[in-house]
Structure formats: structure tokens, C-alpha cells
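First chain A sits with chain B, and in the next complex the same chain sits with chain C.
Entry: the complex of A and B
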């Protein structure tokens, strides 16, 4: 069985590299909790590149307005049509923020309409159990961004499979720390990331 | 009253009678025409208003024609007096003569007592009774026609659609009303196998001669009197009336999003200060029509975790349904309150006539205008950076090649000893350069930079315990081992836990060729050293190309020690086997099997096979991507085959085209991505 390689999507507009430690943190969690063979470093792959098709999961984040090029839009469509899973997170945690507005618009334009992910969705029990839906982030609880707790995630579906998972909860800030510091948490806050990866690899 | 006046009065009476007769005849003709047209309109589902219009046209034209004929040269006094003479021959032309100017008074007195009114009344009766009876008869005929029109319609339907009725089909009329915003006309189609209609169109179905119609869209029943609204998915509309049914495939046509191309500004720009203005220009295009368009801009300020945004529009324009158009505007930077480091994102947006859905909006590519931060340009000029290590190696290797080439050219003018000394001098420089390359390689391997301990410069290590120098073969073997490891793999390299990053293979090649070149130079054979030196230079250049950085940024490379995270020594489990995804070819095989069943059904039940082909077409259009040209071709051919089967024609060619289009594409591929499941 080949190794799982965590891939971060690189796009022309905005700041795609705003959460550089998220890949390492999630790789650490995958290694810590699962037996999935995983590469020790992530890769960065251009969204418009055919190389993106080599990876089962693409992570995309940023603060700034996102305007995909035609090649990137085509890359997204091709990626999800061929069974890929894309996890898009708003690094602003801002419901009316520019990233939220532009990236949801671009996703709907390139991939399809975003629908709410119900709390009983298999995503929330793919590895760890999250009966209350997506875990809240400290940024939500501390009143950062729009001072709201977003109770649900959105998704673009292909059949009954999630092709694009969109989060407005700012997991990019929540998970962007060195894995060594995970020991200071009583409960590892990256466990939901494991669910995302396991879901992407098994559905 | 004089005789002339009496004749004139009689003339006016005759004119009224002629007009009445004409109108009665026209009415009779109009009612007769309506009586004939009414059942025809009912049979062919024409509007009843058309029947009334046709009748009125008949009334007007026949009345006018009759009146013109009756009127003749006109109801003048001489003409009327002649008419009276004709009906009272006893006058002996005295009246005609008496009404002339200058006739004798005695003649007028002789005819003053003559009364021709009975003749006029008789003529009136004769002129009006016949047309009146005809008009009443025509009215009765019209009433009968209205009463018996349904029966006539059914009879006509039975007569005209005898062949279809025997095949179990219906005479279906479909009225398609496009969405209002498209401003397109409704159309009526008779017995269509496939209807291509815009999403949102209303479809009303009627069956000739039968009011009890049942409709099903897929498996869901529809109210017969309610219109069917076309959705985005292809649908099979089944029309049932009595024992007969008909299948109609509804192909939805999506109103495409407007296409917007931003002409100006041409490219992204960085400005030193936020002054001036940008001319904005865009081309717009849409399949149905564009409602409005404008330029949108977003100003983003801030950095790190703190950003603020402002947005607005420029150059709003209403195009009122034009299919193509242009948009222009002016972006004045001074109005945006820009600060150094801010970004302005500009794009053109057009909405089509829907204007109320997210899909109505088309947007162009976005151009970014950035305002440079203070000192951004100075830092490049002031802080001179040292050239990268590989760059130094390139310069040195080029210089060594120049020296070696010059030595070869001067060979004839030098004695053997001088030539050998100079060649060995170049060899020492080559060895130093090789050491530099070796340092780069070994620093990447995680060892100290002096992985190859160099003694070529004559220094010694007295009183120190030295690690024995690696031979070239050992060194290359170690480097090869390192480079062969997977990228990013953690290696415990000689006790040092520093992770090994990618080793640049071209640099190792350069290192290898430098060994060869140095050996030949030591033996005073610079001409034999040169090929290796060239190849070393070429390898270094490849190494440089491989190390180019992505222009935007390069994220820090964090490497996770997977074994450590897994608490080393723990038994590695095997993850649960993944369920492979269905291979794409499986879908095509299922469709082919279904098509084979349709073909066998066509021999025994062509109507059912036609219905199955239409359902197959719907599934092809609904389940496959629109880009799949083969699926589109198969769907088109399936519709043709269905029409041919329903009409009792030869569907072989269309069926063959369906089969050909459904055939598996021939594709050469060494493998699929490993995570996508089994083939």
C-alpha cells in the first residue's frame, strides 16, 4: 500500500501558504492515531497542475480574496470528478469576509452548489466520534473574527460522497502549531482532521 | 311631390334593400364558414378565436361583393325610373321621359297618378326573404356544428390516426412556454419524441379527442391541468390516455452563465504610490441576453492575522437583453484611500436576464493592483546577497574549463615539465571545487560539511584522531544510498537525527565527473579531462534549474517523525482494506448490456423499444458529464432510433451509431493513481 501524502493546494490569488504547520500537525495525528502509512512531510501542489491528481486530498486555505484562474477551476473539477477530496478552510473565520465570499463563489462555480453537512453525517464518525457535529475552534469561542460559532460545515457532493468540504470555522488557525506542542492539550484538537483524512481515503 | 322626387325616394328604398340583402347573404356565408371551421379547429386544437375571425372575414367580403353587384351603376333617378318602367310596362317609357329635364308639363301630369309602390314592395320581399332564410339556415348549421364538434373531432381523429392508434400511440400536442425572462415565444409541437426546452419552461400536454389524460414525470404523477416545469435533469414524461401511452423525453437546456473577458487592465501591476487611474474595459457575451454588468473591486488591507476589506462597483450598465456588449469604466486610485501594502482586486461581472440566481452571474478573471510597501524596493538594492553555493561552483567550473582549454592550445609551446605542473595546478583547483560540491551534498545529508575530508591542500592534523577519509567509491555509494531514499523519509544518518531532505542528483553527477576530470588532470592529460569537465558543468546547471523557488513563497518544510509519533517499537498494524471505487468502465458495460436488451426488444415490440431508447437517452445525458462527447452522440442517435421505430422506419443506422458511441474508448495508460482503486 502506498503512503498517504498530505497535499496543500497552491493557487495564484491570495495567500495559499497562510497555515504552514497544519500539514505537519495533521500528519502527526494520522501517525499518532491510525496505522495509515503516511509520508513525514506534506507537499505543495499547484491547483492547476496535473500533479494534483496524484493526491487523494487537497487542503486549501487563505485569508485573501480567492479568484481561481480557468486552469485552476478546471483542475478542481477534474480532481473531484476523478474521486479526489478537497478540504477548504476559511483562515479568517469571518462569515462575511472576502475569503468566505470569494471562495464559496469560486467553489460553486467550479464544483457545484454547497449544501449543509448534517450532524449525523458519516464524516463525524469516520474515525473519532463527534456527535455534536464539527468541533468548535478556540477562535470561535474567544470571539475572534465574526464572533459567531458556525454550527455546520458545507460541502459539494458527488453522489452521496463529499467532494469538497468547506469550513468557516478557521481550523487553519486552530491546527497551525508545531506537533510537539500537542502535548500541552488535554484533548488533541486535531482529531477532527483525522476524520477528514480517513473519510477522504475510504469514501 | 314631383315625379322626379318620387323616383328618387324609390331609389333610396332600393339602395337600402340591396344593402340588407347583401348583409343577409354575407351573414349566411360567414355562418356557413364558421360551421365548417369550428370542428376543424377543435380537431387540430386551433384557437376558437380564429374561427370567429374567419367568419367575420367571410361576412365582410361576401356582403361587399354582393352589394357591389346589386348596386351596378348606382341608384340614380334615370336608372331607378328604368327599373320602374321594367316592372310597369304600361307606362310606355313616359316615366323615363318625364324625369328628364325640360319634359312637357302635360307628360308629368299624365304620370302623376301612377302608383309603383306595390311593385317596389314586392321586389323588396323577393330580395330579402331568400337571403334571410339562408342566414337562418346557416345559423342553425353553425349551432349544429358546435354541438357535434367533439364527435366530429373524435371521428376525424379515428380516421386520421388509424395507423398510430393501431400501434398504441396517441396524438399528443405539447405546448412549450419558455420562462418569461427569455422573452421567447411559446411553441406547439405535435407528437415530439424529444423536447429540448430551457430549464424553467412550462409544458402543457393535450391529447387530441380525449380529455382524460394522465401524466407522469419519471415515476411521479402530475396533475393533468397543471403545467410541467422543466427541471435541470433530463426527464421522461409519460402521457397516458385510455389504454394508450406515449413517452416524451425532456432534454433540459441550461441557460449558460454570461462570459466576461476583462480587456483592461491587461495584467497585474505593482505601483509605488496610490495615484493615477486605470481604464477598465470588458467584453460581455451571453446566449439569451445580458441584463446588467459592472466592475467589482475589493480593497484588502493588512497583514498577518489582521485584514480589512472594502468593496464596491464601478461603471454599472444595463444592457436590456443584448447578447453581446462591452463595459467600460475608470478606476481612480485616489478615491480608494489606499495605503502601502494594500491590494485592489478588480474584475468585471455580468448578470443575464435571470438576475435572481447565483448562476446568472458570470465574472472575468481578476486583476490585482498592489501598492508597494515603503522600502520594498530599497531593500533589494542595499542588502546585497551572496550568490548561492551552486552559483559559485558554476563560475569556478567554467574558469577551470577555460584554463584547461588554454593549456591544451599552448601545449606545443610548453615543455613537458611546465605543462605537467600547470595541469596538476588545475587538478588542485578542480579538487577544491569538488570539495565544495561535496560540502553541499553532505550538508544536505545531515553530516558536517566536511564529509569528504580534503588533504589536497597539503595541511596535516597532528595529534588529532581523524575519521578515515572516504574513498570516491564509498562516498558515491553513500550519496547514492541517500538519494535513492524516498523524498522526505527520515533517516538516522550516522547517529544524527536530522532529517534528510532531497539530495540533488545532478549535483552528485557533477561531483562524480569532477573526480574523473581531476584524475586526468593529475596525469597531465587536460584534453582527456575536458569532456568530464563539460559534463560536470552541465550537471551543475541542471542542479540550478532544479532548485528554482516558487516565486510567491516557499513554506517552511516541517517533517514529522512518524515512527516517533507512533511510539517506536509498536507493532505496525495494517489499516482496513479499502473498498475500491467502481471502475469507470463498469458504467459503460452496464449501458452496453442495457442497449443490447433494447435491440432485442426492437424486433418484437418497436414501441416499447422506442420508449426504452428514450429512457436510455435520459440516463446518458443525466449521469455522464456534459463534456463526454461520446455520450452526447449516443444520446442523439438514441433519439433518432426512437423516432424511426415509432414511425415504423429503419432504425438500423441509428442503432449502430448508438452502439459505436457507447463503445469503450481505447486508451493507453501504464497505471492509474494508486489511491483511485483497482482498475
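Entry: the complex of A and C
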């Protein structure tokens, strides 16, 4: 069986590489908590490239306004239609920010309407249990950004499966640190990232 | 040379004799012809129903059916019954072959049926059901066309004088599949493919020691609950005795990739991995994407059948065990068949391939369906009932090959006129 490879999506507009430590941190968590064979390093693939189809989980983040090219839109649609899973996170953690407005427009145009993910969704119990829904980030709790706690995630569904998971809780900031620094946390804050990966690999 | 003086009366007597002979022959022919017509009935299929009613009351000696349309099953049965009462029956048609149609239930209750039509090489075939036309295609060189369709009620295929009607005679009842494997793209996409094709899937996927993601209800491996088990790894919890009982009772097992090494399946599969074969570079993007996957190759034991080969080496092997079947699939990472190929039907091809593997082993029960009258091969059935047909118009040609009656009438008239003229010229009244 091939290893799971964590892939970050590269796109032409905006800053796709704004959270460079997230892949290594999530790879560390998957290896730490699960028996899933995982590649020790992630990869970067262009959204418009056929190479994106080699990695059925894509992580996409950024701060800046996003306008996908036509090739990128086609790439997303093909990726979703074939069963790929995309996790999109707003690195600005705000509702009316430039990334949020533009990327949700692009997602809805390319993949379909975003709907709320209920707190009892299997995503929140795929590995670790999050009975209150998506865990809050320190950026939400200390009032940065829009000074709001975003209580739910959004998703584009294919059947009853999540095809695109969208968050504006800013996990990109929350998880962007060197994995060895996990020892300073009483509770590992990347555990929800493990749930996302396990969900993508099993549902 | 001078003719004798009394030659004309002699000639007139000869002419009168010829005249009488022609009239007698004509009368004899007309009398015998009318009695023959009274004994042979010729009817086209348009008027066959009323003729059958009449013949049942008063049977002629012989009947010929001129088939503008090949008789249907009810008409054939009636003709056979009349033949058993002593009526001689034959039939003629302009065609030399006819249509045939078979509808077989799909591998799942909701799957499209397999519709097979026979109509002659290169013929244009139009498939219809009770709502109207479904599809048309051109038969291959073997004269066969195959559809996956869901005809409403009875499907029909009309070709020349022959119209075949068919319906699925039975349907299948299947139970869920159980997928065992590690959390990963292979188990995820196999589950997706089978669910998309209509299978009910339960899954036990190992994420970490002691951590198993379950889908569906927990069930025993038993034909009362499951149709087949799909094993995708070599470490999932699986009891060898339980799965052996399941297969012997009619259940199925598909072991794929690392699953072919599962210790609980060793005695069931009996396909020993003899080597490995790397995928051809770039083949995943070509017309035969499975050649782009790395695979185990097997040495198949006696009783096993190689279902797919790479070169001379079997890579998919099937075997009967008791009442059930097992299939070993050597390919690794078949999920790439869905994601990598550039053509848009890659997910469908992946889905159909996995569904056919599951259907090949799944325990299922045939349930007869209550269907109306069908006529799957009317031409062949009519040949079987009434014998080979004559060519249309053969009898009429035979009857009119020489117009004896007209010639005899003309001869009688000519001799009568000649005698009358001769007598007038020599002044005899």
C-alpha cells in the first residue's frame, strides 16, 4: 500500500505558501497517533496540474485575495469529481476578509455550494472526539481578526461525503510551528488535523 | 402435289376433334384446380387470427401462412395444435433470419439489465420498451449488440418480418459487502466505487492499533448477513474458520493487493504469489491503465482460473470453494485507476471493474419475476414449430409458370373459328 502524502495546493494568485510548517506538523501527528503509513515530507502541487490527481487530499491556505485561473477551476472540478478531498483554511480567520470572500466564491463556482457541517458530523469523531464541533483556535479566543469565534465549518458535499472542507478558524496559524514544540502543549492542538486526514482516508 | 378433293371435310373434322379435346382438357383442369383450391388455404399473417378461428371450425386439407410478420407465440401454438389434428401447415417469408433478444438481470437489484440482441452482422438494431425507443446501435461482425439498460416492462427489437420481445425473468437479492483494510486511499476508493455502483457496504478500517473506523452495522461473516468480503490488507482481524465456512456456504471473497497475503485466506486462495511486476511507465495515462499498476503475479493451483494476466503470469485468479468463490487480485493501489487517467470516464471504469469483481463472487439469490408473454426468438421458434420456411411467392410462381388454361382456351377458340371459316368458304352452313 502506498504511503499517504500530504500535499499543499499551489495557485497563481495570493500567497499559497503562507503556512509552511503545517504539513510537517500534521505529518508528525499522523505518524504519532495512527498506524497510517505516511510519507515523511509533504509535496507541493499546482492546482492546475494533473499531478494534483496523485494526491487525493489537498491543503489550500492563504491570506490574500484568490482568483483561480480557468485551468485551476477545471483542476478543482476534476479533482472533486474523481473523489478527492480538499481542506481550505482561511489564514486570516475573519468572516469578511479578502481571502474568505474570494475563496468561497471560487469554491462555490468550481465545486458547488458550501453548507454548514453539523457538530455531530462524523468528521468530529473520525479519530479523536470533538463533541463541541471544530476546536477553537487561540487566534479566535484572543480576539484577533474579526473578534469572533466561528462555531462551524462549511463544506461542499458529494453525496453525503465532504469533498471540500472550508474553515475560517485559522488552523493555518494554529498548526504552523515545529513539531518538536508540541511538548509545550498540554493538549496537542493538531489533533483535529488528524481527524481531517482520517476522515478523508476512510469516508 | 394435288390434294384429294375431300381434304377439307377431313381437316374440319380434325379441327373439331382438336377443339373438343382442348375444351375437355380445359374443363378437366378447371375442375381439378377448383377442388385443389378448396383444399389449400393461403393466408397472410395479417388475416391469420381470423383464419385460425375458421380453420378450427372447418379445416382445409392444407394451409400456407405467408408471413409478412413472423407468427407470434400464440399463433405458433395454435398452428401446431391444428397440425396435430391433421392440417398440413407450411409457411413462407421473405427473410432468411430474424431478431432475437434476451434481458438478464444486473448484478444488483438496482443495476441496469444486460440486454443482448442478435440481428445479423452490421444490421441497425433499435431497442424499445413499453415507453418507446431506448437506443439504437449497429450489430458487430458477429451480429450481436449488447446494452446495459433498464427497459420498462417488455423490451422489443423489430427486424424485418420478425419482432422479438423479452423481459428479465428473474431478479437478484444481494446482501451487503464487508470491506476490511487499513485506512488509506485504496480502502476509501474501493468503498466509494462499490457504493456508487449500488452495493450496500459495511467497512472495518484500521487506523491505529485498537482504533478501527467502522461504517455500517457490525455483522458476523455469514451468508445470512453478507454477500462477500473484500480484504485489502494482511493484518485486519479475520477468523480463518469463519471466513472458510462463509465461502463454503456460498459467500465470496475478493482479496486484493496486500490482502492476498492475509494468513486467514491462505488455504482459500491457494494462489501463491510468485513474483512482482512493476507497472509500465506512463501506462496509467494510456488506454490500458491497469498495466501501469505494480502487481503481484501468482502461480495458480489446480482448479484456479487466471482471469487476468500480465504477460504469461496470472495477476487476477479466481477459484471455486464449496458453494462460494474467491478471487485474488495482485494489483496494488488500484485507486490510481480512478484518479490518474486523463479521460473523464476513469471513475466509471474503476467502479465497473470493482463492481464486477464483487459481483463475480457475491452470494445472491435468484427470485423469479412475474412477467407477461415474451417471444425472445420468434423466427427460430417458428422454424422449430413449423419447419423451415419457403420463399415468399414461391407457390404463386409455380402456379403461373406456364398458363395452360389460357393456351387451351385459345386453342379451342382457334380451331372452332378455323372450322367455321372453312365450312363457310365451301358453302356449307
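Definition applied: the second predicted complex is superposed on the first by the 203 of 203 C-alpha atoms of A that agree within 3 Å, B and C clash if a C-alpha of one lies under 4 Å from a C-alpha of the other, contacts with A are read in each partner's own complex, and residues count from 1 in each chain.
Assume a residue touches a chain if its C-beta (ideal position, glycine included) is under 8 Å from a C-beta of that chain, and two chains touch if they have at least 3 such contacts.
Remember, it's a predicted structure, so these values are computed and weren't measured experimentally.
The superposition on chain A brings chain B into a clash with chain C. In the superposition on chain A, contact of A:36 is made with both chain B and chain C. When the two complexes are overlaid on their common chain A, residue A:83 makes contact with chain B and with chain C alike. The partner that reaches more residues of chain A, of the two candidates chain B and chain C, is B. Shared-chain residue A:112: touches no atom of chain B or chain C. In the superposed model, A:127 lies in contact with chain C only, and not with chain B. Residue contacts after overlaying the shared chain place A:69 against chain B, while chain C stays out of touching range. Within the superposed three-chain model, A:56 lies in touch with chain B and with chain C [touch as defined at top]. Of the two partner chains placed around the shared chain by superposition, chain B and chain C are both touched by A:202.
Of 6-14, 60-68, 78-86 or 186-194, the chain C stretch that intrudes into chain B once chain A is superposed is 186-194 (criterion: clashing C-alpha atoms). Common to the chain B and chain C interfaces on chain A are residues 1-2, 4, 34-37, 53-54, 56, 81-83, 201-202.
Per the touch definition, chain A reaches chain C in the complex via residues 1-2, 4, 33-37, 50, 53-54, 56, 81-84, 126-127, 161, 198, 200-203. Here chain C touches chain A in the complex through residues 182-189, 192, 203, 205-209, 211, 213, 215, 232-233, 257-258, 332-333, 335-336, 338-340, 342, 346-347, going by the rule given at the top. Of all the residues in chain A, the ones that touch chain B in their complex are 1-4, 8, 10, 13, 16-17, 20-21, 23-24, 27-28, 31-32, 34-42, 44, 53-56, 63-65, 67, 69-70, 81-83, 92, 97-98, 102, 105, 108-109, 173, 178-179, 201-202.
Against chain A, in their complex, chain B makes its touches with residues 298, 300, 305, 307, 309, 311, 343, 345, 347, 358, 363, 365-366, 368, 486, 488-490, 499, 550, 552-553, 555-562, 565-566, 572-576, 578-579, 581, 625, 673-677.
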